[in-house]
Amino acid sequence: MFINKIKSEGLSHLSYLVGNDGHAFVVDPRRDCEIYVEEAVKAGCRITHIFETHRNEDLISGAPVLAKLTGARVLHGPNAAGNVAYADTTHEGDTFEFGNLRVEVLETPGHTDDSLSFAVFDTDFGDDAVGVFTGDAMFIGDVGRTDFYPDRAEEVAGLLYDSLRKILALGDQALLYPAHGAGSVCGDSMADREFSSLGYERKYNDKLRISSREQFIKAKIAEHHYQPPYFRLMEKLNLTGADPAPRITTPVPLSPDEFRSLPEKTVIVDTRTVSAFLGSHLPGSLAIPAPMIPAFAGWYIEPGQPVVLVAADPAQARVASQHLIRIGVDNLEGFLTTDMPEWSAGGLPFHSLPVMHVDDIRERFRNPPDDWQILDVRSIKEYRQESIEGSVHAYVGELPQTLDQLDRNRHYTVMCASGARATIAASVLERAGFSRVDVFLGSFGAWKATD
Amino acid sequence: MFINKIKSEGLSHLSYLVGNDGHAFVVDPRRDCEIYVEEAVKAGCRITHIFETHRNEDLISGAPVLAKLTGARVLHGPNAAGNVAYADTTHEGDTFEFGNLRVEVLETPGHTDDSLSFAVFDTDFGDDAVGVFTGDAMFIGDVGRTDFYPDRAEEVAGLLYDSLRKILALGDQALLYPAHGAGSVCGDSMADREFSSLGYERKYNDKLRISSREQFIKAKIAEHHYQPPYFRLMEKLNLTGADPAPRITTPVPLSPDEFRSLPEKTVIVDTRTVSAFLGSHLPGSLAIPAPMIPAFAGWYIEPGQPVVLVAADPAQARVASQHLIRIGVDNLEGFLTTDMPEWSAGGLPFHSLPVMHVDDIRERFRNPPDDWQILDVRSIKEYRQESIEGSVHAYVGELPQTLDQLDRNRHYTVMCASGARATIAASVLERAGFSRVDVFLGSFGAWKATD
Amino acid sequence: MFINKIKSEGLSHLSYLVGNDGHAFVVDPRRDCEIYVEEAVKAGCRITHIFETHRNEDLISGAPVLAKLTGARVLHGPNAAGNVAYADTTHEGDTFEFGNLRVEVLETPGHTDDSLSFAVFDTDFGDDAVGVFTGDAMFIGDVGRTDFYPDRAEEVAGLLYDSLRKILALGDQALLYPAHGAGSVCGDSMADREFSSLGYERKYNDKLRISSREQFIKAKIAEHHYQPPYFRLMEKLNLTGADPAPRITTPVPLSPDEFRSLPEKTVIVDTRTVSAFLGSHLPGSLAIPAPMIPAFAGWYIEPGQPVVLVAADPAQARVASQHLIRIGVDNLEGFLTTDMPEWSAGGLPFHSLPVMHVDDIRERFRNPPDDWQILDVRSIKEYRQESIEGSVHAYVGELPQTLDQLDRNRHYTVMCASGARATIAASVLERAGFSRVDVFLGSFGAWKATD
Amino acid sequence: MFINKIKSEGLSHLSYLVGNDGHAFVVDPRRDCEIYVEEAVKAGCRITHIFETHRNEDLISGAPVLAKLTGARVLHGPNAAGNVAYADTTHEGDTFEFGNLRVEVLETPGHTDDSLSFAVFDTDFGDDAVGVFTGDAMFIGDVGRTDFYPDRAEEVAGLLYDSLRKILALGDQALLYPAHGAGSVCGDSMADREFSSLGYERKYNDKLRISSREQFIKAKIAEHHYQPPYFRLMEKLNLTGADPAPRITTPVPLSPDEFRSLPEKTVIVDTRTVSAFLGSHLPGSLAIPAPMIPAFAGWYIEPGQPVVLVAADPAQARVASQHLIRIGVDNLEGFLTTDMPEWSAGGLPFHSLPVMHVDDIRERFRNPPDDWQILDVRSIKEYRQESIEGSVHAYVGELPQTLDQLDRNRHYTVMCASGARATIAASVLERAGFSRVDVFLGSFGAWKATD
């Protein structure tokens, strides 16, 4: 009896292959799902069931694809906002046996109406759960967000409260297997720890320690979460069942000539590091370093829009492409194979972004340049906690929608916590025609560290 | 904060890489220890500490080698039967910090005098342990064997009882990370489940449910465990620190000619499957299918004896070689590259072993051949539970020592639970000059299934 | 400018990825064709062209699939026995440029009417070819078989003669890149050497040294080649374009119970080694050791017939499955996960085959058993060269068709050159109800070696 | 019979594993030599011989290490500048048999006095060589440099001429296997093609087409080659036999804190891309993008000097480390794990380099800044062919020695062919205290392209 965690970096999405005695099931498979079959075979197991904790909004479910590959049956909770085309509905108390491993279904709504948890028992040993898959209901150090039904905010927060009590009732001994880890946008303050138990969470998870239902609802309602526009597409696809990932996820290398003859509407996503983008980049390209794609690409790329990448090497292009495919961006036309020296040696145009050190910023405060403005692109929560006096706020993800509130002719220094999101934001501004943009590398971190 | 389990198949040895915030430690590294460094680098961590739960008797510790590779400090418990040359001694209550991860030392003697457990805390969260590394003190579903100090049997069983209480006192919420899993010879009845918590074990581990110290001691003393002779070598090497594993673990392919000109004393270990050995094998070869090497090779190969392998392919030779290296058998001269058709097509000699089906055995009971005897080579515990009437017992591992009690001229049908250990035993008999040996494939399993 | 050979073991099929300056083409891709894209990306190249030297009869062409994956254009020769649906036709003298790499088309019929060769030039250097892809026209040490148009035997042998002269006219300096290497059934006496040049072949390839067209035709007509029945299917599929290989080529592990409830018509292919099959195997299973599948499976499995495997481990099942997929056997229902000890311990039935050493055979000649007959299953060519007196001949591949000429009640000892093909043949006999079959391990090789 | 090329990128060093009939030899192994053993085992071969074409000056020979790992015998030519401690001497006409593969030794001095070539014959076929390993005597499209004996310049050029004739006499049919490919500093104008034959080279290799010995000598003497200082160390180590590469080649990740407390003399090598270095880098770091390490690190790092890396990720650190180890830089203390945003967010210092586009340069020519000077760091050969008027020259490799001829207070724009070497040079200047340095990205390439 084994539980193998399969983690999708960036999304911090956790899925699980659980096997016993020649059979296996998968909890919350991702779209590129060959890995579950390969791991199962290595362990001598055949995948017969797929359990979904809820309809995911931040990634494409691999359940319909994996079901087709393996013949496995997909189980989904009731009350999805429509019929989950590829799944059977399972309910509170349903059980599934895999030899001496028994799975029991708990309805745990709140994060979504269809949220389920799956408790795991070893019938050779005893009547208590050994572990529980909690989806987005309970995380390590946090609980699920409840902002998806804005007009039912109190109700669903209350539902989550009840669901969490139901999960905790499984007992302190049960190991906790959530659907996301630290770094995910699906929670707010997850622990940067990859293992826990219900007993540990009961004692030390701040949200679980709120013993009053009312206090809990109040705390949940006070939270602020962002919803990137691509969430809508995910929800739709995860009802009907998305197509399989492309057979080959590595994009095609393109020459500078091919790159320059791309259709106008193509988005150029520069997946290189922040520093590489600052040093030189293709005019009009959007900076999203490969590891940041899962969190930020969905804010800027529209469904169906053709995309090309700039990457330091094929490995980076592959990682970027996998990230994009997991959130439904399939139409990757290729990636630029040459690094900036080769590109520029062809006489082709490039841009650099001026990079500001914290000392430069302090100097500017002493002698402010004309029309100068610090633009802070962190989340509103971070900004409200503490910010540099005189800075204005616009969240990096929402920037395309809020550009009109900024002045194309002003001199903006973009900042965030370190300079990473600031570089994304600077690229958004540059694409929109802002010509006096520089990046505060180190950003609020450096500001505080040198205070 | 992550805990990565690294499992050595066959030995069912579990070691752990634990990392947090750029630093990492390893618990109970195995001899071929590059993997810890590679995994640590992937996770952006530097290994600075190595913790040993006790002096291993069933495998070579990688601690001294890994320490040299990384500069990490090795920590070992007090009361090892001598000075652990490569380690510092750590004591009850010592703590080690890795950012917000704190390790606390518990002295938990019983399995050995130097046994330690290591509790892990997340100081960002709370004062209770999140997990505990228990070495060979506590397993999932079982506890450590206490037969290593025969003249102090009651005392050490009692020590273990106390140690287990000390571990359980960490609380139900703590995850359990033992040094062995199902299949190891270090326990008796481990669960075939790879995850548990103290809470779960407290409730469902039979040995932990014995609430009386006296009853526990009695139960432990009643156990019977085998100790392969190579244990002595491991204990010695793990005091002084063994040499690193060879840089290349795959043995050299040898031609039939090279194979035939090996020194007399060379042991030929046939690592192919049971069925392949039965079908045809080199005269004088010892059958130990690759996955069975960790459990059985140590019974038959003497320290320093040259060894060659027969393998179906280089991958099998490599697996066999890794198993052997982990238990200190380094002098592998190579492996035979050709399969039996090629070997035999050169006019070279080979043997087959007659294979008996359960129907053949029943038929024989009806019409017994001359001088016929069933030889059951299972453990004495298995044999005593249930056996075929008229069979005699000799444990497969101890066969070289008990051969003289058998009659070289009798007709033996060797059996075990399935035929696997029986095939090893048959090869031992064949090497010793027994000429009327056949193998009961299916063995006691088939006997019961067709009853 | 690079040429990477991609070899499919067993079929000894050679395909090539050729790249220059960011672009690449593939010659004769196999069905599981992701590898070309991956290799091309690693080399910074985009595949834009696929060249087929001819319509393959021994494997499924990956050209239509690879074309769909990459957008590349497929080029095929004229005079295919029908319209190659997925390809454009290219003719003598057509050229294709990839930077300074130029490809020139030569029509080289004979093996098939549509056979092409592709000469490669480096236009930065000179007017002579650096290399040539010859498909099945010219091999290292041999030339293509010409038995596919039985009623035009002399004509096509003559055509091949002319084609070979045309190829040789490219000059001694040109490197030779054929579509098959030693071990393929597409030639008769290929060198076991993986590299050559036209100059070397001109001097030392026996067939090329026949200077008279008449002598060449005579020699070709005197050859005897076997054509497994699946060739017909390959030819058909390679006109219309076969489906892609399954996304996951590793078959599903099945339990003994699942295995026993398979539909009657399912073929059980035992892919383990010869010796493992001899030792014990499932009743009714067909022995085809994994590496022999490409050469022999096509004789016994009918299109569309469901297949399950017996394999020593998942890796062997995967290799077997890849071999089967390349020749169009897709309907793999799974593989048996347990080895024979576990299988038999469940009380399930198994068979063994008696194994004869050359000494046993000689002893039998001295005291022949009743009704005893040696059955030699080598090729008719091998048999005619030399055989054991008194043996009868039936080619292993044709055995299903020639069974009726044998006597189910006789005692057959099956032999070949080593025992490998004999074991396949013995399994065919056993499945057909022959009950007195044994295998001469070592076979003719041992007979000669001990003469 | 197979020849597998093993290529070391960057050095463009080519070594070969050649196998036949269960035995294998290696030509010119590199220091990290486990790969040869692994490849040999996969092919069922045992390495018994190692042939060295000459004493390498640009990399550490793996021959002594591989010999120890395998027991193979090392063969080296006569007239090495001393005794090759780990090798036997072999002479013109010596032969070695590997089944039907015969190796024949040719003494081919010129590049070095001890240069050998090894002709390969297939004795099953004929008396002509199938291929030849030429070391640094003959390359594809070029011949070896002859500048290592400055006081015998004419003599050794003449020796090479004779050696090349001797090689060509093997016949047009022989395939060519040199020790370096395009990109190596061991030749001057190698073809960017990875395959050739003696016949092709005879016709199209410019140097081989010089039919007069005198003309050839004259042409060789007119060449200019650079010799990085580390060549001396390689030559010394390759006489005595260098130590094995470290068991683990990936360096240790270091935190910013650990990084900042390094000993003064430590060299920080920034292995990231050119653009990443330009965007932001650690003050005092030396820019050598990972793929450029083999060609440039040997100019700047002194034997024994401690080195740390800045790398985008562990994979890049590993590649860089492997490159360094191959040229004898073993004392790698670790690599920085954080990217520049994290580094700078800690308030730590960083620099950027101003990046100039070709348009900026042209504008500067129209309005020259004060004290402005273009510094061209290409090879003297490139500079003499064509350069920007007014630029001064200093070769990038020799810059540390020629710094005193430059003015620390001037404003330098550094250029090369694309900006890559210019970035290395700019980092050298910055480390030396030049404060007004910018980089012309695109460099001479852009200058010409936009002319």
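A few points about this structure:
Labels A, B, C and D are assigned to the chains in the order they are written; within every chain, residues are numbered from 1.
Quick note on the criterion: a residue touches a chain if its C-beta (ideal position, glycine included) is under 8 Å from a C-beta of that chain, and two chains touch if they have at least 3 such contacts.
Quick caveat: nothing in here was measured; it's all calculated off a predicted structure.
The interface with the greater number of C-beta contacts, when A-C is set against C-D, is C-D. When the CA atoms of subunit A are superposed on subunit D, the rotation angle comes to 180 degrees, reported as a multiple of 5. Among the remaining chains, D is positioned farthest from subunit B, on the basis of C-alpha centroids. Note: centroid distance subunit C to subunit D, computed from Cα atoms, is 42 Å.
The geometric centre of subunit A is 48 Å away from that of subunit C, both derived from CA atoms.
For subunit B, the set of residues that touch two or more other chains is empty. If you check the complex, the residues on subunit B that touch subunit C are 272-281, 312, 315, 339-342, 344-350, 352-353, 355, 357-358, 417-420, 423, 441-446, 448-450. Against subunit A, the residues of subunit B that register as touching in their complex are 1-3, 122, 124-126, 128, 130-131, 141, 171-175, 191-200, 202-204.
Residues of subunit B touching subunit D in their complex: 22, 34, 37-38, 40-42, 44-46, 69-70, 244, 247-248, 250, 252-255, 314, 317-318, 334, 337.
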